[in-house]
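Structure record follows, encoded as structure tokens.
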Amino acid sequence: MSEIALSARGLYKSFGSLVVASDIELTLPAGARYALIGPNGAGKTTLINLMTGMLRPDAGRIALDGADITALPPEQRVKRGLVRTFQINALFPHLTALESVTLAVCERTRAVRTWWRKVSAYRHEIDEAYDILAALSLTAVCHRPTRELAYGQQRLLEIALAMATRPKVLLLDEPAAGVPREDSAELFNAIAGLSREITVLFIEHDMELVFRFASRVIVLVGGRVLVEGTPHEIASDPQVRAVYLGRAMGKIAHG
Amino acid sequence: MTDQALAAPRDYLQAQIRWQWGEVAFWLATLLPFVLTPSYLVLASQIAITALFALSLDLILGFCGIVSLGHAAYFGVGAYTAGLLSKWGFGEPLSGLVLAALAAGIFGYLTSFIIARFRHLALIMLTLGLALLLQEIANSASWLTGGSDGLQGIHTWPIFGRFRFDLYGYTAYGYSLALLFVVFLVARRLIHSPFGLALRGIRENATRMPAIGAATRGHIRTIYTIAAAIAGIAGALLAQTTETVSLEVSGFQRSADVLVMLILGGTGRLYGGLIGAAVYMIARDQFSGLNPQYWYFWIGLILIAVVMLLPKGILGGLSLLTPRAKEKP
Amino acid sequence: MPPVFGVLFDGLAYGMLLFLLSVGLSVTLGMMNFVNLAHCSFAMLGGYVTVTLMNALGWPFLATLPVAFVAAAAASVVLEDVFFRRFYRASDLEQCLLTIGVVFVSIAAAAYIYGTDQQPLQLPAYLRGSFVFAGLNFAAYRLFLIAVAVLITIALIAGIEATRFGAQVRAAVNNQRMARGLGINVDMLFAITFALGSGLAGLGGALAVAMVGLDPSFAFTYLIYVLIVVSVGGLGSIAGSFAAAMVLGVSDIAGKYYVPAMGSVLIYLVMIVLLMWRPLGLFGRR
């Protein structure tokens, strides 16, 4: 078992003349809680797409647990433990919450290979799905179709789907996006409750989350890593202030 | 977590897929033509065959979201396989079915590698192109297929050596209905399996599937092969019961017709194709005196109306009327 | 002179016709992603307008062409407003089915009004016959067709590249959301483009009568070819439609001349292979 859970070396990606990622170096130690911040259009989601395999880099290498995964397709990376959630919900509208999570579990256990046994016969998978939903307080609505769930519940379901794959490295793309303050307590608890065996990198604009959960912050601007450091170092870094934080940081520092 | 609470989710899922009285009634009703309308048994067998074909399309379209304008290609492969086998002297129906399913399945498997890689317009065009290509090849290879004259010399042996194909259609309908039911049971089982759940996942959000570790293309290839094999069985049934095979078995008209039937009945519910086929073909039979042009005028209007007003088809409309009815078949 | 030049000439003329029939669909597909399978119904309408004006009302051939254009454009405006507009965000399947329904209705209507026979068309004397040049026979009508198509292509390119309207069309095809954000009224733009594209199809249909004939099955038969051109050429690309139409036109004529036993097998094979190599079309971008 490597101490470095996820690493990226020299990642480069361009679309014609538009460079979305340039010379990205990233090292996530096992069990770490890192935050990725940056202004809109900085390339944060692009970086996640590159690491999960939805985009192919023009140059650079990505390693998961020491093994090079640059050439692996997305589903293979998930099977090895590199999982992400989506900033805009990517759920299954007509499947119920329980069905969705059960599907994810069945994919992991390869139960999907069988087509002659009913889903309801797969006790372990269903139970596991139910437990995951319970940990996120979604059991009350587990039999409702996803499209009928409240937005905050859907964001939690996003995380539930990721958890069903038993990730080793979890990339959360703005988990609290669009969730009103009142409903985000559940979300915060879910993130706080993530096992220390899981390495987490999350993209966030919400500075409160960043300060609460991240041990280290990476700042991405224009597809490049501007600077990296602890939340307080970043908060007081003049470059970062100039580019991005400004008022928001001022509020946190004084509040 | 007590055992009682845990038992709930499993039971709920189990209850979802129990046979409902409506289904039992439906299958009992399919036996009625034997008693009530024996003069229509030939039509009934045609309906059963078309219903089977529609079922196979539902598996890829309704449950997996693959829009195919050329599904008749596999129907045609099955029809020609069974037809040729009989013409060359081996008219045993059940083995003809097996070989037809195999041939169509193999063709489906090979083409699935192409199909699984594409979406949207490219996918639609590829399905259409493959079917047209097959039809052209069948046309050109008239030494084998009989070309536009059709395949001659098919003679189907009695089933199990005992049930001869009679003029009234008793054997034909019994044979087709039995096969429809058996395949339906298999399809039903498949839909309610974890694999079936994965297919619905692909339909609901194909982008999310790789992100939960799903081998999406592999799943698509599998269901496409199965659907092709079933379409092949339907084609073989047609060849065996009517003892003819003409070029239009893999034509665009057939692909379009089955698509209309499926939409009419409602996709993704297994019974939609069956009901749509029945409604469409009974109606067509009733209006068979009409010039075929006028038929397509009304079908066109109905299609527009269905898409605009009742996008989930007849079954969808019914489920709106009965909100308590469970959604799944 | 080897027959290959004759085949090329005929292929070129046929390709030009296919281009006229297809370009409208390519641009509107690229802009709105609306799968309009009824596109060739507008072409068929143009053909029947020309035939009716000439045979029933005695109009001269050339005079019927602008009317065919306008009639098809007008019909498309009505259909777009009443039906199609609600389906721009619908699934591929729904769009296919809706427009297939329109095709069915149009074919049945044509059969009802005109019957299923080929429509006779008497070309004016100056468009009949052929010129002999360097030992080759050049049919006058095909020359005319090529000339008209070239003029229209130039007009299209000039319109797209040099006018403000054209720039807006290019922007909307490239990135609809961005175009809206820049204040371009994409919906109006699309309605106009849709009308223009359908009008061109109508014109193509009118021109097609003397070359490939006209009967109610036109809407389906040529739909297949148009779809091949559009998907191979690339959505939203005029150059792509042109290239694909040329390739398809020449291959079809060449195939039927040199290997008639293969029929249309060549076309479908070429399309399948090209689509697999470039699923977004030769010039496609999305």
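Letters A, B and C mark the chains as written, and numbering starts fresh at 1 in each.
The rule we apply is simple: a residue touches a chain if its C-beta (ideal position, glycine included) is under 8 Å from a C-beta of that chain, and two chains touch if they have at least 3 such contacts.
All of these numbers come straight from a predicted model, not from anything done at the bench.
Placing every chain at the mean of its C-alpha atoms, the farthest one from chain C is found to be A. Chain centroids computed from C-alpha atoms place B closest to the centre of all protein C-alpha atoms shown. A straight line joining the Cα centres of chain A and chain B is 41 Å long. Mean C-alpha position of chain A lies 48 Å from that of chain C.
Averaging C-alpha coordinates per chain places the centre of chain B 34 Å away from that of chain C. With touch defined as above, chain C holds no residue shared between interfaces to two or more other chains.
For chain B in complex with chain C, the touching residues are 61, 67, 69, 114, 117-118, 120-122, 124-126, 128-130, 132-133, 136-137, 139-140, 252, 256, 259-260, 263, 291, 293-297, 299-304, 306-308, 311. Remark: chain B residues 1, 6, 9-14, 16-17, 189-190, 192-198, 200-201, 204-205, 207-216, 219 touch chain A in the complex.
For chain A in complex with chain B, the touching residues are 52, 54, 73-75, 78-79, 83-84, 86, 90-95, 98-100, 102-104, 106-108, 111-120, 122-123, 125-127, 129-131, 134, 142-143, 161, 164-165. The touching residues of chain C, when paired with chain B in their complex, are 29, 33, 35, 83, 86-87, 92-94, 96-98, 100-109, 111-112, 116, 216, 220, 224, 227-228, 230-231, 235, 261-265, 268-269, 271-272, 275-276, 279-280.
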